[in-house]
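Residue numbering begins at 1 within each chain, and the chains themselves are lettered A, B, C, D and E in the order written.
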Amino acid sequence: MTEEQNIQTPIIELNGVTKEYSSKKNFLSKGETNIIALNNISLAIQKKEIFGLVGQSGSGKTTIGRLLVKLEEPTKGIIKLNGKPTNKLKGKALKHYRSKVQMIFQDPYQSLNPHLSIAETIIEPLVVNKIGNALTRRDKVLETLEIAGLSPGEDFFHRYPHQLSGGQRQRVAVARAIILDPDFIVADEPTSMLDATIAIQLFQLLLDIRKKFKMTFLFITHNLAAARYLCDRIAVIHNGVIVETGSADKVIKDPQHPYTKKLILAQPGFNFKN
Amino acid sequence: CQKKEEEALLKIGLPEEPKSFNVWLASDSNSRKILSQIYQPLYTRDPKTLKIIPWLAQKDPVFNKEELSYTIKLRPAKWSDGTDFTSDDVVFTRKLFLDFQIPGYASKWKVIKKLDVIDEHTLIFYLKEPSAIFLSRVLTTPIVSKKEWEQIAANAKKTEKPLRTLQNHVIEKPLGTGPFMLAEYKKGAYVYMKKNPYFFGTGKKIGDYILGPYVDSILFKIYGTSDVAILALKKGDIDMFWWEIQPGYIKDLEAQPDIEVFLNEKNALYFLGFNLRKPPFDDKMLRQAIATLINKEFILTRILQNYGSPMHSIIPSGNTFWYNPDVRRYDVGQKDEDRFKTAHEMLKKAGYTWDKEPVISDNGIVEGQGIRLPDGKPMDNFVILTPPADYDPKRAFAGMMIQEWLRKIGMPAFARPMSFNSLLDRVKGKHDFDAFILGYGKLNLDPDYLRTFFDSKNDKPRGWNMSGYNNPDFDKIAKKQLSIIDEEERKKLIWEMQEILMEDIPYIPLYNPHILEAVSKKRFEGWVEEVDGIGNIWSLCMVKKNNGYSNNMDKGK
Amino acid sequence: MKKIEKKPEHRNHYIERFTKSWAIFIKNPMGKTGLIILSAFMLMAIASFFVPLLGPVYHPMTGADPNITYSTGPSLQHWLGTDFIGRDLFVQLLEGAKVAFIVGLSCAFISVVLGTAIGMISGYAGGIVDTILMRIADIFMVLPSLVILLILASLWELSIWVIIFIIAIMRWPSVSRIIRSQTLSLKSRPFIEASRVAGASNFRIIFKHIMPNVLPLAFLYMTFRVTSAILVEAALSFLGFGDPGQVSWGMMLQWVWSSGHMFQAPYWLLPPGICISLLTLSFYMLGRAMDEVLDPRLRKEEEEE
Amino acid sequence: MKTKKIIFNKLIEITILFFIILTVLFFLFRAAPGDPVSRMVDPTLTPEDIQLLIAQMGLDEPAWKQYIIYIKNFFSGNLGHSFHYGEPVSNIILDRMPCTILLFTTSTLLAAFAGVFLGKIAAWKKGSAIDNVLSIGALLCHTLFIPWFALLVLWAFAYKLGWFPLGGIISPELWINDTSFFIKMLDVLHHMFLPLLTLFFIHLGSYLLLMRSSMLGVLKEEYIITARAKGLSDKVIRNKHAARNAALPVITSVGLSLAFSINGGALTEQIFTWPGIGRELIFAVSNNDYPLAQACFLLITAVVLIANLIVDLLYAYMDPRISY
Amino acid sequence: MALLKVENLSVGYKSKKGMVNAVNNISFSIEQGRSLGFVGESGCGKTTIGMTLMGLLPENASILKGDIIFNGNNLASFNDEKWRAFRGKEISMIFQAAMNALNPVIRVDEQIAEVIQIHNPAMSKSDVSNQVKKIFSLVEIPEDRLRDFPHQYSGGMKQRAIIAMALACAPKLIIADEPTTALDVIVQDQILKEIKKIQKALNTSVIFISHDIAVVADVCKDICVMYGGHIVEKGTREEVFKSPRHPYTKTLLGSYLTLDSYEDINVPEIREAPDLITMTGGCRFSANCNCKSQKCQCQTPEWVNLSSTHQALCFEELLNKDKND
């Protein structure tokens, strides 16, 4: 996995991003408890790399992902796409931003609308962004399905999520994410619900896509092994703070931060291979 | 407990709880039923002859034509607490009426110019003008005790809303001169009355009756629905249900050996009224045609189940003295087809046209369509307002049938039952209506109401001339009859008024239902029937324990 | 191959789902019973359009038999007998079925549409909009509906449509609460977020993603609402606040009651009461059966049994 | 401390709701056609008399002025005098209240307990004959047309069989003779039985069905399997682990059904001549007795609001996951 | 004698489409104090085995054939009464979804005391509560958290409470069905250590179920690899993981990512899950096996003994052919 490092502007940049959640219930009882999910995070993701984000549960991984696709706004700090600040985007600008940044969700069973056929699900980004006409859209969907490893595409066109296995659903999610040709995709633990044999196939798919379309990925996981397999660089996050960043091999072979070490130690030691 | 049973306890079912024992407030019939046993007037009507006879007064008033005065001698009566009933009480009652402008009374008592007390038991009433209704309407108002009310009135007068304060004063034990007095009232459950030991009438012969009361006490029990009350009657839980019952019960009740059903004439008026203030009903011919179309026979036999009599004048035929049998009749004895033909011709003559004229052939009637007024304008849809079926199913059904009859000739009639409040608000308050069916269940026997209902002076919001009838000739006669004291002379005028009304027909009188009541024969007998049924003070003064019958029956069970 | 066949396919999906649910539904004894009873009433309602054509005597409101002047029991000419003005009770019962359907279905429809719309908006929008809408719903929930109906009924002229409208107005809050909570749980589902990430507007999300998911539930509630609407209308009529110009079962009971035939004419008293119970029962059974079709937990079990 | 604050907040919320409802009602009543006097069809009343009566009732003022007066009085604890009773409304209410509470709380609670108990059994034996009988019975209860049912009950048990009195709350015959308190109490219970029975059946259906479906849901939870894995007996699992959780929705429904019981109650009270609030309310509404109707209404509203608050708290107590 | 001996066990679920053969003709045994791991992908029947051993199969499931001999008793013939006395005391189970396995409205200590009470009715209240405290200290939950409600616990603590519950009556066998799947790595690590420690301390036998081979390998000495309701390979963990013989085991291992290296990762073909209803004969893995042969699809493979402890369910010639590659 040696991609030439880009010294140009990073595709995504987080500058001192903080995210707080308040448990505000209603207008009478103002919430008092503030959860600091992210604390002053700074990150830069270069073009065409797969950037891994590892950490234990509740450390704020998903929150970063959601900030990046603008499902949430940061409390403080700036997120830049291609060097341009993106805070508080609205209307057209937001749409444009979203066509550039897509997301694959963790749970394949919940991330597809059970009432929409696969074709309808995948076509939706094209429809809402008013790209192409009915015919070209159909072709595009077919093409994307094949790319996502669901071939022949026609077979899946009119199926519904409940007629697919977990792995196939996750492929549909991938297809939906890549149909707009985004520059950047957030993949939030896309395989944590899948069996190992299926997961590895999906990893392979992501790698293929990256190669083919020169897309950039943020890969969120708690599985260090997967992160090492897939990623160029890794950031380790702990309690909303990034404790260590570096190339995947380096972070795992030679962890600096005690938390990283703890994390690595906690991985069940499987020393039967080879 | 055993001993009490010996006591003659009369149990009467009421459909609802009495709301108040304050005579100035109580407007619901149940409170009045109880209060009428307590507060007594100077004169009352004999149940048989319907003549005014002395009650608290000792004899007929002495009329002085020159002075326009009535001298009245009171009986030596006592209030139920044992104090004497005197002229002062009458004077006080009058003062109370006038001071507080008590609705319904003050306006009547205004006719009195002066009231002189001669002695404890003699009074002279001086009138401002001759009044035909002085005896029947003024002297029949109940007299209250000065002792009971003086302080209350004095306090009330000081307040911002004296009348309201007076009315809101909670009276727990009303003080009266009547045959019974209130012994106990348990809210929501019962009213218990005991014989008044001081009742002036006990043992006396008034009218044709030697008055009791022959029962020791009365227990009023409450039954939320007629069905339950009738079950209670059948079961013997109550001796009488003091409420009109619907014809539906009659067959069943008549079959019961222990039950006696009373059927009496009512002095009532149920009518179809029109709004004469605007088209189309400002046209007399149209009203007459409608009167012709209405099949009173049908209403009587079906809707009233034959428990009633048809009405042909505003005054019910039972009120024989004042009733004019020779007024114009519109429908008598006609078959539906004939009625239809006559009405059709009347309308044609009056200038009404149709887009498609109704025809009557051997196969029946083909409905007309698009009726036009004499001025050529199409007749707008009009609504016949009726009370809802739960309030009075008879009127609601009558409205429905009338709608059908009118439609046959092409009139766009719509019967619309609506809640009683809204109905009155529209008809009496806002005058916003076309036609309506209403009724008076209990008219006074004195026919002065003809004036009240049709005098053009009363054509104002909340006034009683709801139709907006305006006939100067009528007004003149109406005014005149009021001051004529000679009954025969007055009768002529009253008859004339009826003729005018039935010609102009602002109201079409429809029917006069009978009042149906039922009692249990098990324990008591001797109910006195009157024009408005057996629920009256005479009955309660006269019913006695029915020994032979009741004992056997009770033991048998 | 290149032809777009999306539309028919789309419909097929619903047909397929419908037939599938139908299969489960019809296997449910409760659903089956409900459906049978319901069809019987439907037949009655349909018949009510034709019976008056037999002659003026068979008009439910004005068709008084000229030969009958009091309430009679069942006979050949009048299957259930007549009321006291000689109107055919069976015809009234048929008419009542029609009215019950009209009242039940339209009340349910209005209140469910309203409740669903408000519930979705409230749940999806959240914040102050949610608070306000839900407080309003609270107010409606807290008011004793029958009494409010009484007041409103005296405010407006009583016609069947006014009554339908009033009942519907009083009945939306419980629907909207349920739809709201459903929407809340849907709102944070990844597929909604995925659609947001794809750039879909709120409008599209509500109608394309949330609505199909809450519709079955809304539909289910509709059957329950039908039940309560019919009962409320009957109660209103019985209390004398119904549309007096319209025959309905409640009205029939009101008439038998107010005319003093309550315990004298079982042929008049029993049919409307039984019909009310049976029709509401059938809708209720339908709803319960549907509930089992919709509830994935129950359905799974059904499938595997 | 925190709980207190939340309760305080809830109370504020309830108060705001209460006053909104009060306002809405006030104007709703004023908007209704007619007035308390228009119903008096006594031809001896002249228009002037009527005008006087209306003025004396304070109804001649514009509605907003009446409203201000009403609010002022409300805060000084004066709910006004009933137009028809002439008594202070509070007296009437204090009179009716105990009857209503006696009947409705008893019937609701009994029905809730019975519903929970039977629903539990039905769910536990899902598909068995017992379940079918209970479910169908509950369905029938649920769809009963109340007045119809009440009258039939009355006819059968009070008239035909004669076991119970024909309505009312007491036998006047007993009470006018000074009988012992004990007998009086028995008498009230005797009168209460039929309305109680009617209301009981009306409520029973919905509670049973609710409990049944809720219990069926709970029985599928993991912790039930865990409980079985522990070797607990069926009875313990059913009563301790399943029923308690399953009863939670029933509690909510009991709170909400208080509002319903006033509705269904009015009819039942009417037929059984039970001197409760519901009957009074119907009377007041149809006779335009505004002060009385408003007060009854507000009372019901307050009861329902407070009941809901209590239910919320109870819920929090029963379900530790909800923390206030 | 083995503590538990399962022979030719088949379990099926009745469904609309037919009988789901969730567990098919499996045999295994476990000695006192040993640990046995079941590994396999989702839906291969792991939980079904656990539930069968607990007598907790849902109504639509039935044991089609086979014997389960535990300590000399045949569990397959138990009635309800016997099961109740048995469960929790002799065998207990730690469930997959720990988050929902505790009753939310009952305090944790009571839920544990309950087990002790029911199986030791004679025990006094204070003894029970002492016992509860002892067990809590064993799973390292602080004593002051005893009277909490489950929702006040974190995921790890809940899982510990569940373990405590399983341990309460010192059963001879504990079945742990994916006890750590829902937990994150660090907590998982702690829990696994806990289980190992306790097993050693109490000398209980453990059946450990997981889809994560590393976790199973961490805890268990003996391994059964499952596929589509069959046990396809069994042996000690060294045998199974160091020298896997069954093609499925190989695939599984091949797609497992480790921290150390990923050179030997082979991405398997896209596969279909076996249809447990229609598949009756033949090797269930045949559709996805790269050593396909006609035989695999119609003929049921047999157990091939590779060592005294190591066996694979395949055709001998194929195994050998594979070895020759």
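To be clear about the criterion, a residue touches a chain if its C-beta (ideal position, glycine included) is under 8 Å from a C-beta of that chain, and two chains touch if they have at least 3 such contacts.
In this text, all values refer to a predicted model and were calculated from it rather than measured experimentally.
Taking each chain's centre as the mean of its C-alpha atoms, the one that lies farthest from the centre of chain C is E.
Of all chains, the one whose mean C-alpha position sits at the greatest distance from that of chain A is B. Looking at A-E and D-E, the interface holding more C-beta pairs in contact is that of A-E. Centroid to centroid, with C-alpha atoms defining each point, chain A and chain D lie 55 Å apart. Look at where the CA atoms of chain B average out and do the same for chain C: the two points lie 45 Å apart. Taking each chain's centre as the mean of its C-alpha atoms, chain C lies 24 Å from chain D. With centres set at the average Cα position, the gap from chain A to chain C is 47 Å. Shared interface positions of chain E, defined as residues touching 2 or more other chains, are absent. Among the residues of chain D, those in touch with two or more other chains are 32-34, 151, 155, 286.
Shared interface positions of chain B, defined as residues touching 2 or more other chains, are 225, 227, 231, 419, 421-422. Chain E makes touch with chain D in their complex at residues 54, 56, 83-89, 92-93, 95, 97, 100-106, 114-115, 118-119, 149, 151-152, 162, 165. On the side of chain C, the complex with chain B involves touching residues 61-62, 64, 69-71, 84-86, 153-154, 157-158, 239-241, 244-245, 251, 254-255, 257-265. Listed in rising order, the residues of chain D touching chain B in the complex are 32-35, 38-53, 55-58, 81, 84-87, 95-96, 99, 151, 154-155, 158-159, 162, 165-170, 172-173, 175-177, 269-275, 279, 283, 286, 288. Interface residues of chain A facing chain E in the complex, by the touch rule stated above, are 56-58, 149, 165-167, 195-201, 203-204, 222-226, 228-229, 252, 262-270, 272-274.
Per the touch definition, chain A reaches chain C in the complex via residues 26-27, 66, 69-71, 94-95, 98-99, 101-103, 105-107, 110-117, 119-120, 124-125, 128-129, 134-135, 138-139, 154, 158, 160, 173, 176, 180.
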